[in-house]
Amino acid sequence: MDRFAMNRRQALLGASALAATATLGAPRAFAAGETVKVGVLHSLSGTMAISETTLKDVMLMLIDEQNKKGGVLGQKLEAVVVDPASNWPLFAEKARGLISQDKVAACFGCWTSVSRKSVLPVFKELDNILFYPVQYEGEECERNVFYTGAAPNQQAIPAVDYLMSADGGAVKRWVLAGTDYVYPRTTNKILEAYLKLKGVAAEDIMINYTPFGQSDWQTIVSDIKKFGSAGKKTAVVSTINGDANVPFYKELGNQNIKATDIPVVAFSVGEEELAGMDTKPLVGHLTAWNYFESIDTPENKSFIDRWHAFTKNPKRTTNDPMEAHYIGFNAWVKAVEKAGTFKADPVIDALIGVSVPNLSGGFSTVMPNHHITKPVYIGEIGADGQMNTVWQTPGLVVAQEWSPYLEGSKDLIGDWRKPMSCGNYNVKLGKCGGAA
Amino acid sequence: MQNHRTFGPRGLVFLAVLLAAAALVPASSLLTPAGSALHLSTYAVTLVGKYLCYALLALSLDLVWGYCGILCLGQGAFFALGGYAMGMYLMRQIGARGSYANPDLPDFMVFLNYHSLPWTWWGFSSFPYAVLMALAVPGALALVFGYFAFRSRVTGVYLSIITQALTYALLLAFFRNEMGFGGNNGLTDFKDILGHDVRSDGTRAALFATSCVALALGYVVAAAVTGSKFGQVTVAIRDAESRVRFLGYRVEHYKTLVFTLSAMMAGMAGALYVPQVGIINPGEFAPANSIEAVIWVAVGGRGTLVGAALGAVLVNWGKTYFTGAFPEYWLFLLGGLFVLVTLFLPQGILGLVDRLTARRRPGPPAERPVAPEEQVLPRPVAE
Amino acid sequence: MPRTAIVAALLALLCAAAAPAHAAPVDDALAHFTADKFPETDRGIDELVASGAPTAPAVLGALGDGRLLFDPGSHRVYYAEASGALDDAATGARADGVAQGALKKVRLNNGIRSKLAAALGGLDLLSPDRAKRLAAADTAFHTPDPKSLAAIDAALGRETDPAAKAALLQARAAVVATSGAGPEADRLGAIATLTARGDGDALNYVNQAAAAPDASPAVKNAASAAASSIRFTLSLWQALQNAWYGLSLGSVLLLAAIGLAITFGVMGVINMAHGEMVMIGAYTTYLLQDLVAAHAPAWSEASLPIAVPAAFLVAGAIGVGIERTVIRFLYGRPLETLLATWGVSLILQQAVRTAFGPDNRPVSAPRFMAGSFHLGGLEITAGRMWIVVFTLAVFAALQVVLRATPFGLRMRAVTQNRRMASAMGISTGRIDALAFGLGSGIAGIAGVALSQIDNVSPNLGQSYIIDSFMVVVFGGVGNLWGTLVAALGLGIADKFLEPFAGAVLAKIAILVFIVLFIQKRPRGLFALKGRAVEA
Amino acid sequence: MTDPVLTSSLLYLDDVRVSFDGYKALRGLSLVLAPNEMRAIIGPNGAGKTTMMDVITGKTRPDEGTVFFGGSVDLTKRDEAEIAELGIGRKFQKPTVFENHSVDTNVALALKAPRGAFATLFGRAARDAREKVDGILRRIRLWDHRARRAGDLSHGQKQWLEIGMLLAQDPKLLLVDEPVAGMTDSETATTAELLREIARDHAVVVVEHDMAFVRDLGVKVTVLHEGAVLAEGPLDRVSADPRVVEVYLGR
């Protein structure tokens, strides 16, 4: 209710700001009392709705559950859902609205890197907290952001390690195929450097970028096939973005590329994407994540049951970014309780070191670099659209927010504990503020 | 005959409101305490500032569409190019404060292994140069594109579709990281403009005031153009192109000139937009954005400059409101609005206002000159 | 354990099928499967094969299909029959009374799959089933292993089928060429066989033959001559392959654009909701497939063909609805139809998103559309081929409707001279509605085909709308043949540009080309000329 | 700029051929018009009358043939705007005026004045423009309607306005396509009077179906048929020509 009143006021603001600026603008006193607001900043329409809508739903579930447990610090939580409509400037606008108008205590949101980059200045300026739940390219470490998705070393590098192992087929030749944007570009640069370090020759690496929403994969898949017929075991590392994956996999199936010939390991294909595909031709292709729906733990089973009950849909899948929000939300709750306040600064400080259970039977800890520790799983696509774990890292992996394999960032670390409190500390120069 | 009353009463009110807002809004935002009834939050200032940039974009589109019959479905391209010019200046202002602290190269160039600044970026550390480019690049593109298209007499739907192809091609091109404009992420995380922190309330208020003034200036230019004999010729071209040609006017020159002028206005709008929203990325080139801009103009009333600006503000305010209030259903409302406006308000809101007021007045006085923004437009002739 | 050994063991196993089972080794072998670790499973396969157990083929087959189960408590291994019944893996006896719920599946990975394929493939070289023998020979060709030479030669000795024999000879040539051993004549023969095959693998093997340390000058010469000959053949085939890709991309463009050619080209409505009609067709396909799977599973193969008329009717009906409620008030105002239909497209997208959720819906391919086949050096995927055929059929049918039916005649009359047609007693309103319905219905049909190659999501239509407009405008508004030529031409141009320019630049180049082309011919490729058009 | 003088006629068409997608609109049309001459052109539908005008005004390029204006200017090498500047005005079959401009603005836009885009953007109207416009408005009998929106005029008034716009252009040659189509009898008579008045100091080519109107004009008549000249001379003589009779009655 409160929120609608708020919106009506904004409405007035927009409409009459030109004519009657002076009468408006009384800020709403923050009603300390019954509810504390939490922003949910995920696209519900446009191209990203396909991925982000689920994350909005999981946030509603988590907040609902927390309220049933009595809320946080005795206060009820209230989700403020907005639709940034897959429009990047709108993300910034909505973030500003959530923080400055709705006075949310923290935000959970964004999927694409560009949406995160778009809201970043807003979170810094207004000093609020963003939990970002998606695997991303790294090379960032901001005080106001907690990265609950995987950094490249928590997903891409273990996947490549697996494929290079005897178990994974001792791959010698690599196709790095991605959509042309920053996450694939950066990940592929890291992988390229890593592969070369492992003795892979330049001619054994093929890099290919395609535009967003690429739907005609005939040429590229046949190129991959050709590249793979040179007599060395070949694998494809796919950073192809959501929408383009279905036609890509359909073409793989059509051109008869089997996982036993040229396995494809993907970093952006989860249960949700597979639910939209006929997976029979894809059996044996791989994905690398920090969570699979099929992971057999009591925590996960309970989570899935609650999710089905909450959405009233026993077929809704769960996926990795959902787990990231689960971890992020619980960590936030724990940090708020530890700090005894909802204020951003103390909570940011309190978050470091917080350890909460993840869904795969262990604990994930928020590290000083604002990333979390994660196990890495390699899963095989099964005929039922689920991932079957074929390999996992022996322990938890700590995120490398700055990749040691990139020239520009190899000397950087982030550590937001006092006294360092720096997102890009140069260990070589011994000072905060980047490489130079 | 010649229309000497360039602005008309509505235009004067519009200008007055804009200039008053330029003075009062910053005052309210900066000088009054946060609790005061007179205080405007930074959020509101930024939001309305953004709407004003859209209004300028709508105005530029109305100039070509409402007054010359050129339905450009690529107006967003000029807006985005202007935005990129400003974004490049803002990127250069970051200097060594980026994550990698490279004094010469923006962050994205560092991790894409650039060793030196590409030539396209030369000069952008200078503000006047960036502003010049924000005008010149869209202007030059429109000049070249328009000259060839209008010389070949590409009109109507064909022109609309190739302008759409233009912006779509630019969208794809700017997505490419090889272009050196930051690829999909575009340019963001700006720090300073002209030595002032872009995130400070003072800078925001100043940007707001600048947007008001720019919109007012844009209006004055557009009204002067449409009120001149040149404007009469463009309206004549809109209504009966071949008649104009057989009268001996070089239609292609007129169209090219008005198209170029409009592109420059759109570029200026983009340049003001970027520091206020804090990001410019290829998404601004998306054909859908340009179509939306057309719809703002249609909603407000095409061929009425004030209406175009009003339409932009109203539709965007509606979008802000609905995406917050009804995140799941706002597209129904927005889509429904477009359908209803086209069906029932073919002349837009101001067109409706004009019709209603015209009915109340018993016939216009014979000698009263018809100001362009007061004209009731007919339905466009079939292409 | 090397693959040849497996083959040999399996051969032995076949010959000695009647030999009594040795319980103990089988149990030891099967015990490996219960460890739930890949290396153990690997060893289990080796030992199982070596054990010569009569159940081994059944167990290996079950493992490959994910039907091999084990009881973590008792460490017994079972395999499920297709019927679901359980058999004991050691004895092959029916294992009734075992609770399936307590069993765990023996997990697979690609390494295990490859091993199984080789094991079963080796077995298949001697299979009575010709198709299996061909497949096994093909596998042997693609994974040449000197140690399998004996098995291949053995199979060659027994083979009578000419096609299978040729495949075996090629497999043998691959082995000989890559082994770097054997007499000179044998190697030259292998090179000749590979040259005749003339594909990328053959080139690869020939190169290996030339690179062999002990290759004689004659072999080296023959190999390098063969390599350049294969390269030449390959480049010819590559051009043809590109043309085929272009044709298939072009037919997708055509399919998406053809409905627009009617609503936009013939009726003058700038229908921005066209893409959503395609999307609705795809969702109809999805719904129908689910419906058929639920109520008449026997017909599931036919759900796609059934979806064609269904999608036509659904999208057509929605099209008629849009025409009657919105478009008919806007004739003669094409640019305003753009705005209104844009609004309609937003509403339809959100409606589908609300009804079905924002995520992709799965539409599976019927068997006749799966896989690929070779036509000389040309690889043609069945799905794409059917789409090309389907597109051309739709185009032909549309031509017939427009030219040979009374409706088509009336429609053309109305679009050419509305007043005259009306004066002659044609109900122009009805014709408009039906024509718009026809265009929308064809878009719906396009959705059926696109569900096979693209996402079925609310955004499906958006990705085709711009391309469709480009095609119609490039071809010349109002000219269906122009649309055909434009779609295929642009598709082929795109595919010839893509290999060296990349997908993005190719697309940009095509767009720039269209922009330039419209300057040259402001009314498209096949513009109607003359006064009538400009009046 | 000027080509050498080739003929002494004002307009000279010789063997002009135009075809559209195989349809031959003009098949060797030849026509000569003297300065200040008034000529009526008649012919059945599809005879090529409008195509001829398109060729003269530069809208359509002939496939073959020569078109000279003022004895020296090759019209086939120029576009509409250049030809209009040379002094050829054209009235369309359908009255085409600027419906959203007032009547006097319509005339003012046609007035002989610099036509460049920058000239109209920054230039000021000539001092005598007002008088000229007023004179023309009186001449075309629209003085009382000068402030009305041109789109609100009656069909006949629009026809006159368009003729007025041609006058404002001050051309040497006026091409008038079916000026009285859809007019009342009194309007037709007024139009004939108007055209005769204009013909005093301008060459005029009138295309018309209305025989009574052509008779009213009392000028030399050219009959077109299937893209070529069938007959030429005074109306009485051509209407007696059996070929002309056959063409008109045979249809």
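The first chain written gets the first letter, and so on, giving A, B, C and D; residue counts start at 1 in each chain.
Just so we're on the same page, a residue touches a chain if its C-beta (ideal position, glycine included) is under 8 Å from a C-beta of that chain, and two chains touch if they have at least 3 such contacts.
The structure displayed is predicted, hence computed values, not measured ones.
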item	value
Chain-contact steps, minimal, separating subunit D from subunit A	2
Between B-C and B-D, the pair with more C-beta contacts	B-C
Label of the chain whose CA centroid is most distant from the centroid of subunit C	D
Approximate Å spacing (C-alpha centroids) for the pair subunit B, subunit C	45
Centre distance in Å when subunit A and subunit C are each reduced to the mean of their C-alpha atoms	31
For subunit C paired with subunit D, centre-to-centre distance based on mean C-alpha positions, whole Å	64
Residues of subunit D engaged with two or more neighbouring chains	none
Multi-chain contact sites of subunit C, meaning residues that touch two or more partners	349-350, 462, 504, 507
Subunit B residues counted as touching two or more neighbouring chains	172, 175-176, 328, 331
Subunit C to subunit B touching residues, read off their complex	264, 268, 270, 272, 326, 329-330, 332-336, 338-340, 342-347, 349-351, 354, 462, 466, 469-470, 473, 477, 504-505, 507-508, 511-512, 514-515, 518-520, 522-524
Subunit D-touching residues of subunit B, taken from the complex the two chains share	1-2, 225, 228-230, 232-233, 235-236, 239-240, 242-251, 253-254, 256-257, 366-370, 375, 377-378
Subunit A residues touching subunit B - in the complex, by the definition given at the top	4, 7, 10-11, 13-15, 17-19, 21-27, 29, 44-45, 81-85, 87-90, 92-94, 96-97, 100-101, 112-114, 117-118, 120-122, 124-125, 139-140, 180-182, 185-186, 189, 209, 211-212, 406-409, 412, 423-424, 426, 433-436
List of subunit B residues in touch with subunit A within their complex	17-18, 21, 24-25, 28-29, 32, 34-44, 46-48, 50-51, 96-103, 107-108, 110-113, 172, 175-177, 183-186, 188-190, 199, 277-279, 281, 283-284, 313-314, 316-317, 320-321, 323-325, 327-328, 330-331
Contact set on subunit D toward subunit B in their complex	57, 59, 80-82, 84-85, 89-90, 92, 96-102, 104-105, 108-110, 115-118, 120-123, 125, 129-130, 133, 147-149, 151, 165, 169
